[in-house]
């Protein structure tokens, strides 16, 4: 494309002053070079990350024994961690998505404007609360609070495998971690959903209302169809954040090594997540264990990438459909 | 958009930033302290980096504070990255000294690597921080729990699951034990505390697992010493093991452990006493004071579950400044004042006098090479 | 009209009342109060836990109001009321923990704050001696500033390339794809990468603030690119064409027309990106390390930062532990305050730079 | 089915701002009533107050009475949803639901009201409504296609079909032709003429010829002055308004000497 964009009328031959007449042209070239260079830096940086992860991670793929925390091989090791990572993220999403959509609706459609604006500000602020703060709160306050609930759950709903216990009275379970993650992604999903809801064309909303729709019917007929793809991608972005979150989980979750694969959400025996496992094990890791950890980082990278990519793809596809 | 409006925001911003930066040093950083340190410390300057066991963090804080107090131009850093990380960084030359809960060995070739790092001379290893590993518990109405080694390993291996188990009752004839479930708490992250505790269990209890820095059995996992204390303190019926000084600080009840015919509480003195009762590791250079802790000792007044954490350094450094700093800092640690400060402010067991002077001599011989 | 045949009872339709029976306007409030009262009874009289009582109250509210509405107003209104009740309850449920978080932070963090807390470092501080976060503040400011200086030009220029030059060609598509990939890099992986990179140049055990800035940049660049790209896309093509028609070269069109038009959005995006990375812990833990003393040099030695300070103050609180925890809460409060100030600043700057429309 | 509307002393506010003041009129059943007047004089606002659509805008409220066949729209017990169900509306710009097909667009209102609609009944309604909107012949072969795929005029007629599918008694049209070309406009005007036999139609238009062509009664709205609320200047049969208006300013506006 460089030929088309920078193509400029050639100055007539043998007339040097003409060249001097257009001092902007070099500026154009430099500016384009700068912006292209910046884009290339991203390429190089990403290539660097990818090469680093692969080179350092590959030796870990064949590890066995102590380096993979006593698991049979890397696949089993990573599999358990992936299980925990996904479980925590799924819990987070199951809780966060409906709450976020509800909150976003309140802000965009239900609350009076005087309330909606500060609510919106607050959500934006909460989206920027550092994860280490969530971790601190989760461990010193929320976990203990949840501990009592787990005892109750075990006593009253223990017949459900999810709550069969024995309950972790300290509350540092995968469920607590999932709930803290949910809190962390709620502001993200809410903020995006709110934007999308607010962008729903008034025309369509009025069309529905003029047909005699109740507020909810209007939302269902005019807002949700329009916002569907955006809601999905918001959720996926939230999922991406939940998957990669490190410190909050590392601080809140009581998991040993690679954790256990269980659906029991309230015990002291918990699955572990990839990111938390890296943060927790990296300091004591030597030799091959480091490679194993980096390889697990590669796995996490691939998962989050897949999620992000899926989100973008959904948005792109529906964007095309709407414009068609 | 007019240019002036950019400037309107830019100028005060830059000015504010410049002000902040020019304000410079922290309010407390120029104050000296009156700690007694070996002569010549005041002239030292530079940065000394150490890294390693988190168990040493609190005692290192005390030592660093006192040392920096009398050497204002020196900054000593100690990254509590963990023993493994500390040893690795030391071998790679990233730090001048390391703290490690286990002495160097050649299972992974680390002793050889360390010798190589120290220009071919044996690395110095000093058990500078010896502290009891206390078994903390949270059980209302029971203050002085006494347990034998077999019972402890039974509890932590999930064989003894309720507090009124006959085995516990036998050790505590006078206590009123409830029928609550025992919740054993362990370190979920790899740690020297787990390693030393499992060594003890394997040596004296009926413990089916190998000693390891990764906890082999089940229970509730917690991260770090503070995590264990947190969980034990917050969960009724739980029992866990953690650094004695911090357990005591947190106000948790501790178990007195059976040694011979008596039960010994986890005090620094009782823990320090084990160094004399233990045997040096064979085949080490004379600067390498690594010892094999004898957990089976029956000597009176010795607490058998201890964490012996080493300071690892070189005999020679290529850099004059580094050599001086290491020498100065370690000399202070091994001085009587340093030992006293460690005991008073961090709950570390003072080294037995003969060991201390031996170590001080070794450190005195650190040279530039 | 044909409709008359289709509709069996046209007169009924004609008389379709506008004034169907409706619940009084105070109905939601009444039900809410009743539900809360029930929850209160459960909690205070029957001794249920707070959580259970609140849950019961919420369920009662969500069930009772629509049921009443169904009996009086019919099913469509009932569904409408059900959804309204649900979204408000969702708001409450999500806000209670968030408010609790902020409250806990204020409650535990405020006592730690004092002039000394901001001007002292932790050098030579142990036990309950007065220490402070000055060193961590300095580190956080310097590292974040450096990360911003790296990320913003790269990010904005990349966005310019994508929108103004690339516009759909294969290179631009690839870059867009890669930026998406980059948003997926877990922060800890960014830290590991920065560490590996700096070990290549400076040897093992390297710790420097600049490394942290590089790690943060990797997290920050995609955010800046994304937001800037969106903002540039919003600039109508008519503006660009108007500039071209005046004979303005492309790069001047970009710097004089496109960028100023979207400046408020870009500034907001950048500030939010800063707020996003200023709280990152994991990468700084690995590459910037930990120290107790003030360090102004980004390129030498360890540098303390607020998130790392919080993390270590919690995990290694020292003996006794209470002052350590207090400092952790205090620092967390300060960190959040910084993030919030940045957010508010972003909005103000956004407003200040926004093209004046005269409205 | 059509109903007449009586408006008395109606004031419309946005927050504290009085937008329209003191409107009195009677809109006859089975007739077309047109509102004309300069921009910003409150025609659309007034129109939207007839089915309580103005309430969509936060802060909007009304004082005075609007009676539809004797039933007040602003009684405390009145459900705006029921009001809009019976008083349909067509907007300035065509706004078919972008995610729905032509078929679903027509049925959107019916689907809201009855849970189950038999396929045959639904087909009937779609055909009848599209025929009613003079669109059937153009779209009968592509009912499953998106409504957004139609031309602007077709989209607007689709919106009319959607509005009449729920069999309202009044149809409000807010400048329904302003976004359309002359041919589409003519089609809509024809349609309005046809619909008049069954519906009460109220239309806001900027086009005086259009008002003259389609309406039976015409109301002229104007501002009392800059910053003042809009008000109804004159309300009379269309022929009278255009031939011999009561008010001078009406005549000035119609003859283009306004201002």
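As written, the chain order gives the labels A, B, C and D, with residue 1 at the start of each chain.
Note that in this section a residue touches a chain if its C-beta (ideal position, glycine included) is under 8 Å from a C-beta of that chain, and two chains touch if they have at least 3 such contacts.
Small disclaimer: the values here were computed from a predicted structure and weren't measured.
Peer 1: Could you tell me which chains are in contact with subunit A and with subunit B alike?
Peer 2: Common contact partners of subunit A and subunit B, which must touch each of the two, are C.
Peer 1: By CA centroid distance, what chain is farthest from subunit D?
Peer 2: Computed centres place B farthest from subunit D.
Peer 1: If I count C-beta pairs in contact for every pair of chains, which pair wins?
Peer 2: The chain pair sharing the largest number of C-beta contacts is A-C.
Peer 1: Can you work out the whole-Å distance between the CA centroids of subunit B and subunit C?
Peer 2: Once rounded, the distance between the two centres reads 38 Å.
Peer 1: How big is the gap, in whole Å, between where the Cα atoms of subunit C centre and where those of subunit D centre?
Peer 2: Here subunit C and subunit D have centroids separated by 44 Å.
Peer 1: Once you find the CA centre of subunit A and the CA centre of subunit C, what distance in Å lies between them?
Peer 2: Roughly 12 Å separates the two chain centres.
Peer 1: Measuring centre to centre with CA averages, how many angstrom lie between subunit B and subunit D?
Peer 2: Averaging C-alpha atoms per chain gives centres 81 Å apart.
Peer 1: If a residue has to touch 2 or more other chains to count, which residues of subunit A qualify?
Peer 2: 139, 214, 217, 251, 282
Peer 1: For subunit B, which residues are shared contacts with two or more other chains?
Peer 2: Residues 223, 227.
Peer 1: Mind pulling the subunit C residues that touch 2 or more other chains?
Peer 2: Correct list: 76-77, 80, 314.
Peer 1: Go through the chains and record each pair that touches.
Peer 2: The complete list of chain pairs in contact reads A-B, A-C, A-D, B-C, C-D.
Peer 1: Would you tell me which residues of subunit A are touching subunit B in their complex?
Peer 2: 69-70, 139, 144, 147, 166, 168-170, 172, 250-251, 254-257, 268-270, 280-287
Peer 1: Considering the complex alone, what residue numbers of subunit D touch subunit C?
Peer 2: Result: residues 1, 3, 68, 71, 73, 75-79, 81-83, 85-86, 112-113, 124, 128, 167, 169, 197-198 of subunit D touch subunit C.
Peer 1: Touching subunit C in the complex: which residues of subunit B?
Peer 2: Contact set of subunit B toward subunit C: 1, 5, 9, 17, 20-21, 24-29, 33, 47, 49, 51, 54, 57-58, 61-62, 64-66, 68-69, 75, 77, 79-80, 89, 92-95, 223-224, 226-227, 229, 245-246, 249-250, 345-347.
Peer 1: If we count contacts the way the header does, which residues on subunit D are in touch with subunit A in the complex?
Peer 2: 51, 53, 56, 58-59, 81-86, 88-91, 93, 95-100, 108-109, 112-113, 146, 159, 162-163, 166, 172
Peer 1: For a test of understanding, state which residues of subunit C touch subunit D in their complex under the given definition.
Peer 2: Within the complex, subunit C touches subunit D at residues 1-4, 6-7, 10, 13-14, 16-22, 25, 73, 76-77, 80.
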